[in-house]
Amino acid sequence: MTAQSSLNTQTGDTPLLQLKGVSKSFPGVKALDNVDLDVNAGEVHALLGENGAGKSTLMKVLAGIYHPDEGEIRIEGTPVRMQKPMDAKHMGVLLIHQELSLVPDLSVAENVFLGSLPKRSGLFVNNRELHERCGAILKRLNCRFKSNIPVKHLSVANQQMVEIARALVFTPKVVIFDEPTASLTDYEKVVLFEVIRELKSQGTGIVYISHRMDEIFELSDRITVLRDGQYRGTFATRDTDEEEVTKRMIGRDLESLAEVESPEPGERIIEVHQLGIEGEFRDISFDVHAGEVVGMYGLVGAGRTQVVETLFGIRKPERGTIRIRDELVHLSSPADAIEHGLALVPENRKEQGLVLGMNCRDNTSLPNLAEYTRMGWIDTAKETEVFERYQEQLQIKTPGWYQATLNLSGGNQQKVVIGKWLSTQPSVLILDEPTRGIDVGSKAEIHQLIRDLAKSGLAVIVVSSEMPEILTVSDRILALYNGTLTRVFKRAEITEDDLIRAITGQSADAASEPVASGA
Amino acid sequence: MKASLPMSNSSTVATDNRKRVLQFLGKHGILLAFLLCMMIFSLTTDRFLSTGNLLTVLMQVSILGTIALGVTFVVIGGNLDLSVGSLLSFATVLVVDLHDKVGPTQAIVLTIVFTLIIGAINGTLVGYLKLNSLIVTLGMLSAIQGITLIYTSGQNVDIQDQENTWFAFFGREAIFGIPVPAIIFIGLAIILQVVLLKTAFGRKVFAIGGNGVAAAFSGIYRNRMVFSTYLLSAFTTACAAIILGSRVMGSQNNVGQGYELQVLAGVILGGTSLLGGSGSIMRTVIGILILGFIQNGLLLLGYPYYAQWLVTWVVIILAVWLDIAAKRGRLLNDF
Amino acid sequence: MHAFIQSVKRQPIWLFIIACIIFFSFSNEYFFAVNNFQNILVQTSTIGLIALGMTFVMINGNIDLSVGSTVALAASLAVGLQGALGIPMAVVIGLGAGVLIGAINGLIVWKTGVDAFIVTLGAMIGVRGLVFVYTEEQSFYASNFAYSDFGMSSIFSLPVLALIFIALTIVAHILLKYTLHGRNVYAVGGNRKAAIEAGIKVGPHMLINFMLIGFMAALSGILLSTQMGASTPNLGRDYELWTITAVVLGGTRLNGGAGTIIGTLGGVLAIGILRNGMNLMQVPSFYVLVIMGSILITVLFLDKRLNVTASKGVQI
Amino acid sequence: EDRLRIGITQNNVGVDSYQTTYETAFKEAAAQRDDVATVVLDAGGDVARQIAQMQDLIQQNVDAIIIWPTNGQAVVPVVRQAHNAGIPVVVTNSNIAEAGQDFIASFSGPNNILQGQYSAEMMCDQLGGEGQIVQITGQPGYTTAIERQKGFEDRLAEICPDVDLMESQPGDWNREKAQRVMEGFLTKYDTIDGVYSGDDNMGVGALNAAKAAGRADEIKFFGATNFAVGYEAMERGEYHGSVYQSPAEDARNALQTAIDVANGEDVPKLNYFDTPKITQDNMSEFEKPVF
């Protein structure tokens, strides 16, 4: 590999990497339709497209995980055929996954050097060299954890950094980042960008996939847009703007969110008083009224998920009370919570949101099967009808209700989860990171949807790590830091500075690495 | 590194056809295997296709098959039940022993109750305490065998007056020429297939097996569901025991030894995934029938009884392989 | 102290062993004796050797149910062929057969993608059939007592079988803990997809582990046959169950990715000591079955309690 | 104290009533003797476990060991080991292989070869010298099963060359298994005149199958080790011959032999106890078996 990479000082006219006319179909879906892409040495090439546009598929073709049905891949002008992931690696193409692909029980160093551990006398692992080299890489990435701890003890953000560290083990010709920042905090994002710029300066070609426009415009040299699996053009970043690429991407102008009106404070639906679980969070008190959106903002690890999971009966509170419509409730299970009109769109759609092997329709009816049951039998016609209603409302892209959710793109999966919970007709809707990994178009739709739902009388709680999102949708914002509620903002009184201070424990520089919670 | 050209259209078509063939085989392979198996045997031995023989086989597999129905639910729910063999011994000994002590009706009721209690222990350990089902039911396999032996102090049990008990109905009689065991087996199969496909209970079993966490987040009581699947497998095992007890009119303490693996073999053959979340009663029935016919056919052909083991080996792997290959769209893995 | 607590938490089996030793020592005069401990070692060596291989296979995220049948196959070949081919050649063929069965299992798992549980369940049934075909249901015995003398012999007053078991335990420990192959055992078991994408040759890697356990099962069968000077077609029934039990008691995760040889040693010793102690105390065999079953479940339960991984308060 | 300590490792208690009754009788007999203490173990049918139990008994240095072999060949070395450790070994119920005979003090039990021969004689007799028969054998690899089969087949060929043994399949000492095997035979063969089963437990299974097929009347059933169910079937005229073998006698015989051996007395190498033929004609001379 290293021998090959010395060749990469070819002339600028042959792109480092070239895809021509690549197509790839899955049963019922043409994920890629005659797509072109080229990446030059020393360039950051951004790939943009809605959920399900085919970005990940394209990258998987490039990394040898999928075989294209048609089309050609050239590396430095030579056509190549990638049979398996290793071939791609040998040819200098490295994919940093959208989904983490780490071995939880192995150490950081072992994960970074997975598949290429340094050897001693042919048979043994050279631990010393392993940790020395890994330590150096971690230092370059400004990571503060040690190389010998199991990755399962790291926060998700740090796990993402481990994934990224792999890019620095070799000097690959092309590195593909598939939504690397989805679970990074701002701090790590800055470090990541430095690394990308460094790779770039060494002549590495970078493919960068993200739904965050600001990042794309900050980082990239060129932008290629995909839409419904089709190539929609490549633009020099400095010659275009957000509006234009968005239009290319979603085929229309993005409507800006209707101005949020201050809500008529409706009935108080849910009231939480001094809620706490030792070691997780404490003294959480707030309420949500009908017609209101309450945002919960904080750094990853602040404990927001734990709070909403407690509201939903998943965790048992040790202290404090929950009242729904002024009635004291003890929620001992999600079923209880559903009974009381709550709904939770969970943080992790694949693990908590969907039975991936099940089709869209059956997933949708899961939380209130009783509704569809007549004398013990499930009324499938009604199920289909309900799913199709939400498919229409949420614009879920799928060939039909019978499609296994496994085969949907991340964004569409998320929509199925939202539809599933809306179908229970809740009075309190909780959404934990509702737009993680969702394209700008859909994101705007979801924001609009949240506002509309509130307007129609729902009490909505939104957990998010993205400030623009929280600012867009919330009427009030709860700032959490380290398991405590530090401040409650009314929409009118928010300033970004105050918000940041509140979520970092008063001072912005205290944004320290949250301590590992797992195991 | 091989340089390559864009794939030509014809090769794409070929791949497509191969995929379609594979998918067809994956979907209907088990039925084809079944028919093939029937064909081979009926061509090679003239006895095979006689009504008498077919009914005999149906009766012989009914015990194994009835257990397999319940176990299919357990497996779709994402767990295993290796204790059914011991449980079959337990229940058979119990029903036979109680028959003479308290009369057939009471014996049947008590047997079902006690068997369900053991099923409830399995269900509690796996469902509520969330212990690994393989190990739990392995431990239970041993413990139940011990309990059975303690109960009988190791003696065989027999029904004294075999000629004049209506208990003979379950294992020895026939309705319109069809043996009652077969009727029980097929009847239960139909009911349970409907339960699995058409009711909320069945849907929830698929959900907990497919993704237990997501099911729980959707308000399904995962613990309770797992618990119920073990109750169900205990129930079908009790039914099998009643057939067995009636058929033999007696029981040894180890009658059920080894049944757990044959049951599992049948369930797997039917294409139920051991990972949970998919499977079907209908296919389990076919899986069990294939096992029964292999055994019967080879015996008729005069092969030693252990020849069926070799055939079973090949058949299980081929069946599951086809199933997977169809989903993958390719015969072989490539890592 | 903290480290101690941590290691107890990770392997509660050693606490259990200590408790058993104390209990049996006080309740039976024959238990606490050098001779008896040697017996225990010899007795556990059979399951123990297979368990060493099983540890690799299970950390690897697979399982092997066919080991019991392999035990019988290797023993039958080694004893049955020695009249015609001589002891060394017969033993080599026995071991070779074990490796071959392992290779077949491994290849099928690798190439077809069928789950190891199913592949080896099939092999468990099929290889037993093979044994019956080969032996025609007969037991074989070694006419040459030299063969069984080996199984009963001692070096430096330590039984040879115990020594072989200890030596191989050490080798397995080093192999798993310090070598590249060992590290990849964890990687493949912890996240197979990640391992594939990192370029680890997962298929061949798993194949090697299946061959390893095939070898260990065959070796175990052959050593058992040297103890008996004979082989029987039913040899090794249920061994897969007790081996898996031992490995799991030793803290190896059933889904793969975690486990140690030291833990496995603890697991097999625990079972061996229990059986031996109950023999000495003459616990009636019916009760032994109940006790073994209950202990298995209890240890699993304790292990779960000690190593709570779920976060606090989760009640679903 | 100076009580004799005698250890026993049994084959598989609980697998059928014979073995269970044996154990009970053994314990009872031992309890009546205040000069002996016993260590009673059971191998659960597993050779390896039996070897371990032998080793544990040797370790406890008992005065004599009784072994009910799980397998006649595989226990020879460990018997030798006991012998070399100076502990006399008595084999009970089912003998061990030729190679081990030098290391045992005595075999106490039935003569299983002879039993097989008896059954062949009864079969030959009642079929009138010709017919087509099938055989259901005991657990494969188990000496009793092998010996009975051998005794039966050899003797049958000798005295009844016109009786055709069409097929043998094992029934594993298990009634349900035997019933299934018989169902297969019944489908396969239009004419079956006789069935020989390795014991009555299996024999009754065969009878069940024949009755269900409505063919019991044309078939003669022979077994060995007369179980209570076999005795009853014989009373009803459905079962035709067996070998009377008392587990209690088996157990007492073994214990007495072991005590004698431990006391240094001379005992015959083959200490058979009597196992007479039992048929419908002479059954009144026998008490109904308790197991």
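First chain written, first letter: the chains are A, B, C and D, and each begins at residue 1.
Basically, a residue touches a chain if its C-beta (ideal position, glycine included) is under 8 Å from a C-beta of that chain, and two chains touch if they have at least 3 such contacts.
Everything quoted here is computed from the prediction, not taken from an experiment.
**Student:** Which chain pair has the highest count of C-beta pairs that touch?
**Tutor:** B-C
**Student:** Rounded to the nearest whole Å, what is the centre-to-centre distance of subunit A and subunit D, using the mean of the C-alpha atoms as each centre?
**Tutor:** That pair's centroid distance is 71 Å.
**Student:** How many angstrom between the C-alpha centroids of subunit C and subunit B?
**Tutor:** Going by mean C-alpha positions, subunit B sits 28 Å from subunit C.
**Student:** Taking the mean of the CA coordinates per chain, how far is subunit B from subunit D in Å?
**Tutor:** Distance between chain centres, rounded to whole Å: 34 Å.
**Student:** Centre to centre, by mean C-alpha position, how many angstrom separate subunit A and subunit C?
**Tutor:** Those two chain centres are 43 Å apart.
**Student:** Which positions in subunit B are in touch with at least two other chains?
**Tutor:** Residue numbers touching two or more other chains: 149, 153-154, 213, 216-217, 304, 335.
**Student:** Could you pull out the residues of subunit C that touch at least 2 other chains?
**Tutor:** In subunit C, the residues touching two or more other chains are 132, 137, 196, 285-286, 316.
**Student:** Name the residues of subunit A that each touch 2 or more other chains.
**Tutor:** Where subunit A meets two or more other chains at a single residue, that happens at 84, 314, 333-334.
**Student:** Touching pairs of chains, which are they?
**Tutor:** A-B, A-C, B-C, B-D, C-D
**Student:** Taking the complex as given, what residues does subunit B use to touch subunit A?
**Tutor:** That would be residues 1-7, 12, 198-200, 203-204, 206-207, 210-211, 213-221, 277-278, 334-335 of subunit B.
**Student:** Can you list the subunit C residues touching subunit B in their complex?
**Tutor:** Of all residues in subunit C, those touching subunit B are 108, 110-115, 117-119, 121-130, 132-133, 137, 196, 201-203, 241, 244-245, 248, 254, 285-297, 300-301, 304, 316.
**Student:** Help me check something: in the complex, which residues belonging to subunit A touch subunit C?
**Tutor:** Within the complex, subunit A touches subunit C at residues 63, 65, 84-86, 89, 95, 97, 101-106, 110, 114-117, 119, 123-125, 277-280, 306, 309-310, 313-318, 332-334, 517-519.
**Student:** Mind listing the subunit C positions that touch subunit D in their complex?
**Tutor:** By the definition above, subunit C touches subunit D via 30, 33, 35-36, 39, 42-43, 46, 132, 137-141, 143, 145, 148, 151-152, 224-225, 227-235, 237-238, 275-276, 279-280, 282, 284-286.
**Student:** Over in the complex, which subunit C residues touch subunit A? Could you list them?
**Tutor:** 178-183, 186-187, 190-191, 193-200, 257-258, 309, 311-316
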